[in-house]
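Here the chain labels run A, B, C and D in written order, and each chain numbers its own residues starting at 1.
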Amino acid sequence: MEPILNVKNLTMTFGGLKALDNVNIAIEKGQIAALIGPNGAGKTTFFNCITGIYEPSKGQVTITPPGKSSQTLKGLKPNQVTERGLARTFQNIRLFQGMTVLENVMIGRHCRMNAGIFGAMIRPKSQKSEEKKATYASYEILEKIGLEKYVNEMAVNLPYGAQRRLEIARALATDPFLLLLDEPAAGMNPQETKELDDLIIWLRDNEDLSILLIEHDMKLVMSLSDRIHVVDYGKKIAEGTPKEVKSNPEVIKAYLGDDSDDA
Amino acid sequence: MRWIYITIGVAITGVLGFLGIREVVSDPVYFLELLLGGLTRGSIYALIALGYTMVYGIIQLINFAHGEIYMIGAMTALIVASVLGLWGWNAGVIAILAVVFAVVYSCAYGFTVEKIAYKPLRNAPRLSALISAIGMSLFLQNYVMLAQTPEFMPFRSLIPDFAFWEPYAHIMSSVELTIIVTTVIVMVLLGILIKFTRIGKAMRATAQDKVMAALLGINVNQVISTTFVVGSATAAIGGVLIACHVGQINFFIGFLAGLKAFIAAVLGGIGSIPGAVLGSLVLGISESFFTGYFWSEYEDVFAFSILVIILIFRPSGILGKHEAQKV
Amino acid sequence: MVTIKKIKQAFFIALWFMVLTFPIMVIKVNTITDTVVFRWSYLFWNGIGTFFASLTWNYFLHLKENKQKTETSDDIPMVHQLLQNDRFRIPFLIALAVFFLIYPFVFPMYHTSIMISALVYVMLGLGLNIVVGLAGLLDLGYVAFYCVGAYAYALLNLHFGVSFWLALPISAVLGFMFGTLLGYPVLRLRGDYLAIVTLGFGEIIRIIMENWDDFSNGPRGISNIPPPNFFGIDLGQHGSVIYIYFIVIALVLMTIFFVGRLENSRLGRAWIALRDDEVACQAMGIDKVKTKLTAFALGATWASIGGVVFAAKTSYINPMSFTIWESITILCVVVIGGMGSAIGVIAGALVLILLPEYLRAVAEYRMLVFGALQVIVMVFKPDGLIKSVRKTYKFKKVEE
Amino acid sequence: MKSIFKALAIAALAMVVFAVPGFAGDTIKIGSAGVISGDLAPYGISALRGVEIAIEDLNAKGGILGKQIELLVGDDVCKPEVSVNMATKLVSDGAQMIVGHVCSGCTIAANKIYKDANLLVVSPASTNDDLTLTGEHPNFFRTIAYDGAQATLMTNFVKNELKAKKVALIHDKGDYGKGQMELAQAAFEKLGGVEIVLLEGVTTGAVDFSAIVQKIKRSEAEVTMWGGYHSDASKIVQLLKKKRVDTIFFGGDGIIGDNFTNLAGKYADGVYATGPNDTSSNPLYQELAAKHQKKYGEDPGTFFYNGYACVQALSMAAEKAGAIDSDKMKAAMYEIKVDSPLGPIGFDKNGDVIGAGFSVYKVMDGKYKQVN
């Protein structure tokens, strides 16, 4: 079977700096994959290239949504990438501060809704039911993530861990087949990390999702991941199961050169 | 798509270039006069634009009241000069004292305005500070109008006609010469201030990151106040010089001049000091040429069109740094 | 608490202001007759005035800071609390409706006339609120669309005899088109760069109207624009003012209704998302270009409709009515009222437009007071008079 | 909730208090509308002072038809949309006749209200041709000659006295200035023999006019005619002199008066302008000038005497008609002869003034002197 995400020779240069250098990563359906590497290795850049925020200098990104044929993401804008089923979260939380928790999730539904200007103003029956459906769907997502008690709170007023989870909820609302999580456990306490661990597994098992995450918390990565990709200085240096990666001398070298607080 | 743009661009430049060269060759003196006129006009904008750009650079606020500070500078100079003139002081002393008072008072007003209308709003939405600035601008205009007069008052030039410049005075008057020279000096001094002095470094640090600057022991409030004071000082100098140039002032002169200067600052890349000067010169010279060779009715339309075109191709102005979005 | 220290502080502030205002307030020069008058009494009164003003100012500033420390940022404005309570809402709305219904019959024509002006600003404010308040695009050239609407009606009527009622939809469409047209090139610009370019567009439209005589009749303007016709019956001056008043009320209600719906729709949420975080908004599948353009275009539509009403009411328009100051006034309406909040914008428009009219009692000090009030409102209520509140959703326990 | 009702009640009450229309009592109310704030304020204020002093004089003599006169003042800031509100207010407040407005655009916009309320309007300063020549404003009169008359005078003078072959027409893009220059253009075309080498508008209030001055220089115009107000004019005149441009500067009544000569100072000498006939030998004129000097400590402004004449005309018409009735007063207006500070004046069938024409002035030693 085709991998659902297939990245070939991805290269990204900023000025003279090669942030990514011929990176190849493939993700299979139903996998939880992790992308790890020291700080500044180019992990977030990799996300940005895939999701259309940056236009890669070279390389191909192909997706094969389950049950559909392959297509390239070349030249697509971020919103078009999201429409095709890739959703992401951000390393530094980027919630919409002027909206309630529910509305934040409903934003995720945006690309699955159709209401136009007149639909929104006149609100015919079809739009009404669409709006209602979106509201309930969003609420259900909040329930799944465990944020239903915050429904009408403003997003900024949420505790930190809840904000991270809300980001995931918002991404889920776009109906993705592949979820890209950028350091979802950053800043969480052990209890919250544990819950996150369960959530990610639950998502994969019950929501028919594949997940690619960037994470520094090695305990989480090792326990969660089916497959781990390691990058350093923009180059992919290793790939394999947690066990393989752990014993890979290249990886050890890369991490020993780094401040090992997060390794 | 790109090629179409380039072709159109080349075609337009070519046609304009050809016509332009033909015009220049047919009447080079006229061309020179327009160029010098444009330089003066640009320098006028620049003196006001510098203050705008400094304040914007540091607190990202369009200081709408900046034009009023400029007006207050000119007004103070007028008042001081009139009083001293009546007391029969020497013209040279009057000129110097008028400028000194104008600068000191403008600085004081700039400082006070910041403390009243902007400081309490430091953490508020940016638009609130903008409206506060607009309110301040209205207030100052009406304050001066009520305390003095709504009418235009003649402003006798404080700058004498230099004897050595007399042969060229019909091309460029002494006042215009002074304006251009002063602009250059002010720009250089500001450049030195910002690049090399302690306070300048503190300003740059604050502009980059207020929180970090505060953590490093920089007194952010003091730096912001200093910025307002320095910006107001340049505005005051501008106010006096421009009043000498046009020979009249009233309470409302700050608005239009301020608007143009702000456009110039944005054109050059707001927050950048050389940018403000370059933007002003580009604006001044192109306005001058447009009036000279086309129709002065549409001078402002042309100025705005240049602005739009430049901003479409360089969204942060000519010398503005394009800030990459951090994700 | 007034302590010695504070009094001392106020004393020094007063002293500072006395020095500060010395040349402009005390010395009055007349450069024509070359005379100088010293008005020393002003110095004295100014000192006393600033002393007490600074005491109160600092007291309230102190109060505000303490409040910020103790309270969370999500307190709901009183008006909203009242409106959410059914027991209060209905009598309140009825009272409001009755007030506005009898208004033109109780008060003289002048009051109806300025109320119409204020209500036009309510429309303009609500329209600009879409662009600035919701979508976060600072538009300083909003008056351009207002101008388009006014001239559309005036010119269509002049050349083709188009009636008010036909002009309304036509200029709405025109406004929408202009909004899209002008919005397109500035999509890439952000923040203040956008502000200055829109300002430029506003001025360009005005200057064209001023100079293109054959098209717009230049600075002489267009006179004799007819008021809306009422089934062909001549209502007389007073009657037609009242008629316009009710038309404006209807249009404002329509605006409130539509804008309210937009705000809590897929589109409205997208605008707010765009305002709060452009990158995240796109990453959530929102088309930035389309969203920005709809905001621009819809804002322009309302401005354009407002323009038609303006032309019909004034019966005479010329380019001087569409200067940058107009844009600034509308922006003030939105920000002082409370960005993103429809009730706030309505309050803002009524306060900002009616206040200077009633301040005519203090005639020449009116703009001075007005400017000072703007500063004061912003300093003490930076979110505007009435903050925006998002819709709350209620969910019944979902059955398992 | 109570508090809201209370607030509403108070607001309503306040409005009623504000709004109580002045009931026509034993006084006659004259509304004076014009620009009295902002940068054009000097024009409006000068007219308003004329009106004030005229009313004082009349009241001292027993008023109109034995009733005292009350003055209602309105400020239109020279904006048409404000002037409409303003006019409505004057009408609501019970004004029975109007003196105003100053800016022609405002007069045009506001007159709709007055016409509807059937009030006579006499303007001291609105010179736009449309006001009288189109017949759309039957209730309108003015104590100042209209622009067309001025344009004819100017162009004739330029051709016959100054013997110019090339003229440049510069205006400030406003309705007054541009209108004047367009009339001048038309008049020159009719006259023939004079070439218009430049017709341009400049931005009012700009900080620098050097480009347009260079353009005038290049056009080699012998006369530069200016349509606009004194502030911009003085800037241009200064630059013309400083740049040694050899051209005669010629403006309309927008630059007549001391405002201009004071602003332009030494550069003003040699400037021509048209303005209302010099009637300074008129005894009433002298008396009024003294009164103004006493009351305000300065010489009267541009439209002071015109404002005074407006009130005179209205009171005479009312006396002649024997009642404050617009239709009767209007009929009377055509017949009266007013001994105004502008000399003896009357009104023609269009509502234009007869007897108060324009003459050409030249600045000599810092003062305007009549030259024709």
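Here is the rule we use: contacts are C-beta pairs under 8 Å (C-beta built on N, C-alpha and C of every residue); 3 or more make two chains touch, one makes a residue touch a chain.
This one's a predicted model, so the numbers in the text were calculated from it and none came from an experiment.
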item: Chain of greatest Cα-centre distance to chain B; value: A
item: Nearest-to-centre chain - CA centroid comparison; value: C
item: Chain pair with the greatest number of C-beta contact pairs; value: B-C
item: Between chain C and chain D, centroid-to-centroid distance (C-alpha), Å; value: 33
item: Approximate Å spacing (C-alpha centroids) for the pair chain A, chain D; value: 72
item: Length of the line joining the C-alpha centres of chain A and chain C, rounded to whole Å; value: 42
item: Between chain A and chain B, centroid-to-centroid distance (C-alpha), Å; value: 48
item: Multi-chain contact sites of chain B, meaning residues that touch two or more partners; value: 154, 156, 297, 300, 327
item: Shared-contact residues (touching 2 or more other chains) in chain C; value: 31-32, 210-211, 279, 364, 367
item: Sites on chain A at which at least two other chains make contact; value: 53, 90
item: Footprint of chain D on chain B - complex, ascending; value: 27, 30, 33-34, 37-38, 40-41, 44-45, 150-152, 154, 156, 169-171, 173, 176, 242, 245-248, 250, 252-253, 256-257, 260, 284, 287-289, 291-292, 295-297, 299-300
item: Partner chain B, residues of chain C touching it in the complex; value: 16-17, 19-21, 23-25, 27-32, 34-36, 42, 61, 64, 132, 138, 185-186, 188-190, 192-193, 195-197, 199-201, 203-204, 207-208, 210-211, 278-279, 324, 328, 331-332, 335-336, 339, 364-365, 367-368, 370-375, 378-379, 382-384
item: Residues of chain D touching chain C in the complex; value: 1, 4-5, 8, 12, 15-16, 18-19, 21, 37, 75, 78-81, 84-85, 88-89, 91-93, 105, 108-109, 112-113, 116-117, 128, 130, 136, 173-175, 178-179, 201, 258, 262, 298
item: Residue ranges of chain A in contact with chain C within the complex; value: 51, 53, 77-79, 82-83, 87-88, 90, 94-100, 102-103, 106-113, 115-117, 119-121, 123, 127, 131, 134-136, 139-140, 143, 148, 151-154, 156-157, 170-171, 174
item: Residue ranges of chain B in contact with chain C within the complex; value: 56, 60, 62, 72, 75-76, 78-80, 82-83, 85-86, 101, 105, 108-109, 112, 116-117, 120-121, 124-125, 127-132, 134-144, 146-149, 153-156, 259, 262-263, 266, 270, 297-298, 300-301, 304-305, 307-308, 311-312, 315-317, 325, 327
